[in-house]
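Next come two complexes built around chain A: one with chain B, the other with chain C.
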Partner chain A sequence: MAAVGKDGRIIPWALVTPALAFTLVFFVLPFVAMVAVSLTTVQGGGPTFDGYAQFFQNPSYRQALVNSLQVTAIVTAVSILLAYPFAWILAEMVPPQWQRLALMLAVLPFWTSYVVRSYSWLLVLSQNGVVNQALTGSGLLAEPLPMANTRFATVTGFVHFFVMLLTLTIFANLKQLSPSYRKAAADLGAGPIRTFLYVILPLTLPGIMVGAFLTFVLAIGDYITPQILGGNNELLMPQLIMMQIGRRGDFPLASSLAIILMVVVTIAYLACARWLKIERA
Partner chain B sequence: MRATLRIVSILYAGAIYAFIFLPVVVLVLFSLQATSFPIPPFTGPSLRWYGAVLADARLTSALVNSLVVAVLSSLAATVLGFLAAWGFARFHLPGSAFLRGLITLPLTVSYLIIGMGLLVMFNWAGVPKSLLAAGIGHVVINLPLCFAIIYSQMGDHQVNIERAARDLGAGEGTVLVLITVPVMAPALFAAFFLSMTFSWDEFVIAFLLTRFDTTLPVEIWNLLRSGLNPKTNAVGSLVFAFSIAMVLLFELVAFRRRRA
Partner chain C sequence: MKTLVKTHARMLAAAAGVLSLVAAGNATAQELNALIWCDHADPALLQPFEEANSVKVNVKEFEGTGAGLAIVEQSQPGDWDVMVIDSVDIPRGVEKGLFEPLPEDKLPFPDLFPEVKLDNYTVVDGKRYGVTEKFGYNTIGYNNTKVDPADMQSMAALTGDKYKGRLAIYDYYLPVIGMAALAAGKKTSELTEADLPAIRDVLMKMKANAKLVGEVVASQTALATGEVDILVGGGEWVTAGLAKENPALDFSIPQEGAVLWSQSLAMFKDSKNKDLALKFIQYIMSPEGQARLATSSCYWGMPASTKAALTDDQKKVLRFDEQPGFLARAQPYPAPDADLDKKMQDLWTEMLQAQ
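And now, the complex of A and B:
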């Protein structure tokens, strides 16, 4: 596989250097710059851990991280609980020739723009929106429920997105299982429920953990959904970070908060690493 | 037992489909609203708000900006990713695993942090906010993806075809253009297409790195400040239709390739 001719040493490096240089200049260097800026203050000077200290001293900043973790945990759990039975039905109950279509339909709203998808939920959940008008119109409720600009709205918007994503990954996981597992379980006398609990579920668990990790990482770093649907009643970390940049131009604090968020994600990765490896084996 | 399971399954799947489609149906339905609020009762159908979108120069220019940024940044990401994948797959390079890891590293970092890092660096270097800055950000998020897709598709049978070409006297450049690129075309196409969809939909990096001339998601975001508005529904429905068309096109091309 070695290169041909005397220019053999130059050509391979000429191929990989542009991508490497690009990554160094526009990914590694900005990250280093962000770390450096996080150690300064708006007034200049430093190095100081002032930005990090502010996070640990200010209860409302700490609350943002707590909110983010809570919302992300709820979203991850609810999404998996909703998506798993759905993926199972698509894989087991739908005739094979219709499965591709059923799956494509299930992820169709994936293709709306991210900003637009959150806005659509605002339409659905607003004071005079479809859900409230249906509930008050049918006499089930006297007063419309305040659903927009709440944690409920944020969670709903997130769950909508991740149910689609997890249905895809869990469906793929279920289809990969060889049918002989099920036959073996049946031969040994297990009914459908026992087969599912003791054979299918454990075999798909690594895939579920990968999906859970993906959900966690994508949800905790997202700014759009909480900002559009949750509003400013309760801040999540990305909202707090954007607020420092937008309103106050406080890059040092924003950088410190972003790095704290990254550390949290890294810890989650390390906690899941065991599962993420099992999947690959 | 079997019949009960069937009924429960149908009800459950129906409920999930309803949940998944509810916002999209509401979005599209009220984009056809004749009056000024996208809330029930439905007063349409009317194309009034689609007219308003097409007459809005800010939105139409943002649409063009988004397309230009998506095409150029995806092209750059695909070319850089392809060259690197070719280099790493065909030649033994010292530290190859580490360097490949470096190229794919941005996949693990959230868009917000990538955007912030670029903002801080450009700010420090005195580079003004622009579409070019946002485009660079999109190459950062898409290069690892393109590299990973193309690298994973560089199999051994392609090495043999390339070797045959070299044996017949072709230089590296000829091999690249006449053998490698055509053989890798499906992977290149998939990488380019995925990049396009990510760039087209990307918000936070474009939001942080552009100012006056901006991309469509950011311009839609600006529309949201005026509250619920059927015009937002209309532009959202158009974006949705465009994305569906792209997906269908992709399916069609991929399908034809599979048959050919």
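And now, the complex of A and C:
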């Protein structure tokens, strides 16, 4: 007990010090450096808000943020719609002794390389890919559908990944629900649909929102999926950021754009945290 | 006792093994650190040099001069010995004080195609800082069974309606903007901001016809798999490496011309292994090194040396004998100043966002 001070706070501080140090070194300091770089120009000098001004003055740059928000919103919504019934089936219809195996199979695609998975989707969705061959071969379509190198392909690649993530968070939430809720609802005369809509769904919203927030954060900052599957037919923010670095090495503008993206993610977090109080979930 | 003896024998054998590994390690202790493009990572290129000189070549790949220079800036002086760089960007490295002048008398400059020596970029203040090692063309790559090869003799095919939805555009703004400039009747070496509106018109028409705008792998894959039939900005670097599997892939130098790309080798001023770095550059510029680099597994390209030890088949695929005619019609890679470069990239961004 010698490590405990008069106020009894030494041990708690000692325990959190490694985490604080890690956060300081690997988040706070790089973030401060990025802010500092964002206030310079590629020619040197500063401080200046030139990078931020360029974003607001250039319609193509602003469009990248709009595209990112649209794609992320679609991915999050579609992933939730697919993941919820999947998690429900796993939690309610699969016998408990098989649930672990079923979950493992559900997250199996996590085990493959992200890049390989994206290129695989490109081949699947291409003009001569398995989907188009099946559609044209069966006579359903006369001409192949343009699916690869589109926003649809980007969304598909994202959804494939994030359905797994959301399934895990929603499944965990469903398993925590006591069967008493359903029994009580039934006792009070609610049918299965009313029970789901007014009891189960609200109680699983924290799980949905945690998964949705993770989906939003990971998708809006992802470079690989839109770069491989989108065919550069529109630019998202991570692609715009990378573009500044490739040949010109414009780290100040890239940093400004990254800070803007980070502000958007922070706003999303604050909205989620305040609305759904996920910090208490 | 037998067990003990066996154990000792095993330990001695293990110790001997470790010693031999250490000795072997010492024998190849000298290392060369190279910042490279993917074509230099081919073991078929590096191994002969490593074995002949008992050295280890450590490579780090990068894409884009900006990314390469950023790696150098984040490294300690002396960390890197040689660098592969766009020939037009050598002055950027010289301006930053990174490169060491190369001894012209120790490199085979007389063997190079005269048009790719590019002294206006590789020589700064009378000193040569880079040697062109490989070149090619950003032009029209196509599948000759899917398009009319006669159409590929004019860039008008890229902006007309005939091949709508059958184009891919190589995702690098400088060469494709150079091609758009050629299509608009402008010289790539004389581009100014005033030329951008005309270039914009051509780019937007190309984009309207394009299925995708892809980097090297994506655009190559699209052409090879039949997703598209024409690659704007393609050339031998796309078609030659796939010639065996897909002989229908070809490229043309249209009547408007093509953009000449070239990559150079430079030595770092702070290199701690300048002798070894020079040996490496000499190896790459040797007939054998040139042939291996030209046919690298990552991408093929024309060797800068006329004496590259290529086989007849390889020369045929690279259209080696047609080079004098091609070079006469090719125009230099755009080399804008920083302001124009920024405006060109913004124009490219606008083109990518156009729906």
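Everything below uses one rule, namely that the second predicted complex is superposed on the first by the 249 of 281 C-alpha atoms of A that agree within 3 Å, B and C clash if a C-alpha of one lies under 4 Å from a C-alpha of the other, contacts with A are read in each partner's own complex, and residues count from 1 in each chain.
Just so it is clear, contacts are C-beta pairs under 8 Å (C-beta built on N, C-alpha and C of every residue); 3 or more make two chains touch, one makes a residue touch a chain.
What you see is a predicted model, and the numbers here were worked out from it, not measured in a lab.
> Quick check for you: in the superposed arrangement, does A:128 touch first (chain B), second (chain C), both or neither?
Touch partners of A:128: chain B and chain C.
> For A:146 in the superposed arrangement: first (chain B), second (chain C), both or neither?
A:146 sits against chain C, while chain B stays out of touch.
> Quick one: classify A:190 as touching chain B (first), chain C (second), both or neither.
neither
> Touch check for A:61: first (chain B), second (chain C), both, or neither?
Touch partner of A:61: chain C, not chain B.
> Just chain B (first), just chain C (second), both, or neither: which does A:243 touch?
second
> Chain A residues in contact: does chain B have more, or chain C?
Partner with more touched residues of chain A: B.
> Considering only the touch criterion stated at the top, classify A:251 as touching first (chain B), second (chain C), both, or neither.
Both partners, chain B and chain C.
> After the superposition on A, what does A:228 contact: first (chain B), second (chain C), both or neither?
both
> Taking the superposition as given, does A:163 touch the first partner, chain B, the second, chain C, both, or neither?
Only chain B is touched by A:163; chain C is not.
> Determine where on chain A the residues touched by chain B overlap those touched by chain C, and list them.
Residues 122-123, 126, 128, 228, 245, 251, which sit in both footprints.
> Which part of chain A faces chain B closely enough to touch in the complex?
1-4, 7-8, 11-16, 18-20, 22-24, 26-31, 33-34, 37, 82, 85-86, 89-90, 93, 105-106, 108-109, 111-117, 119-124, 126, 128-130, 133, 160, 163-164, 217-218, 220-224, 228, 238, 241-242, 245, 251, 254-255, 258, 261-262, 265, 269
> In their shared complex, at which residues does chain A touch chain C?
42-43, 58-61, 63-64, 67, 122-123, 126-128, 146, 148-149, 227-228, 231-235, 240, 243-251
> Can you name the residues of chain C that touch chain A in the complex?
Those residues of chain C that touch chain A are 63-67, 69-70, 165, 171-174, 210-215, 218, 221-222, 225-227, 338, 341-342, 345-346, 349-350, 352-353, 355.
> Taking the complex as given, what residues does chain B use to touch chain A?
5-6, 9, 12-13, 16-17, 19-24, 26-27, 30, 37-40, 80-81, 83-84, 86-88, 90-93, 99, 102-103, 105-106, 108-114, 116-121, 123-124, 136-137, 139-140, 143, 147, 159, 166, 172, 197, 200-201, 203-204, 208, 216-217, 220-221, 224, 228, 232-233, 235-236, 239-240, 243-244, 247
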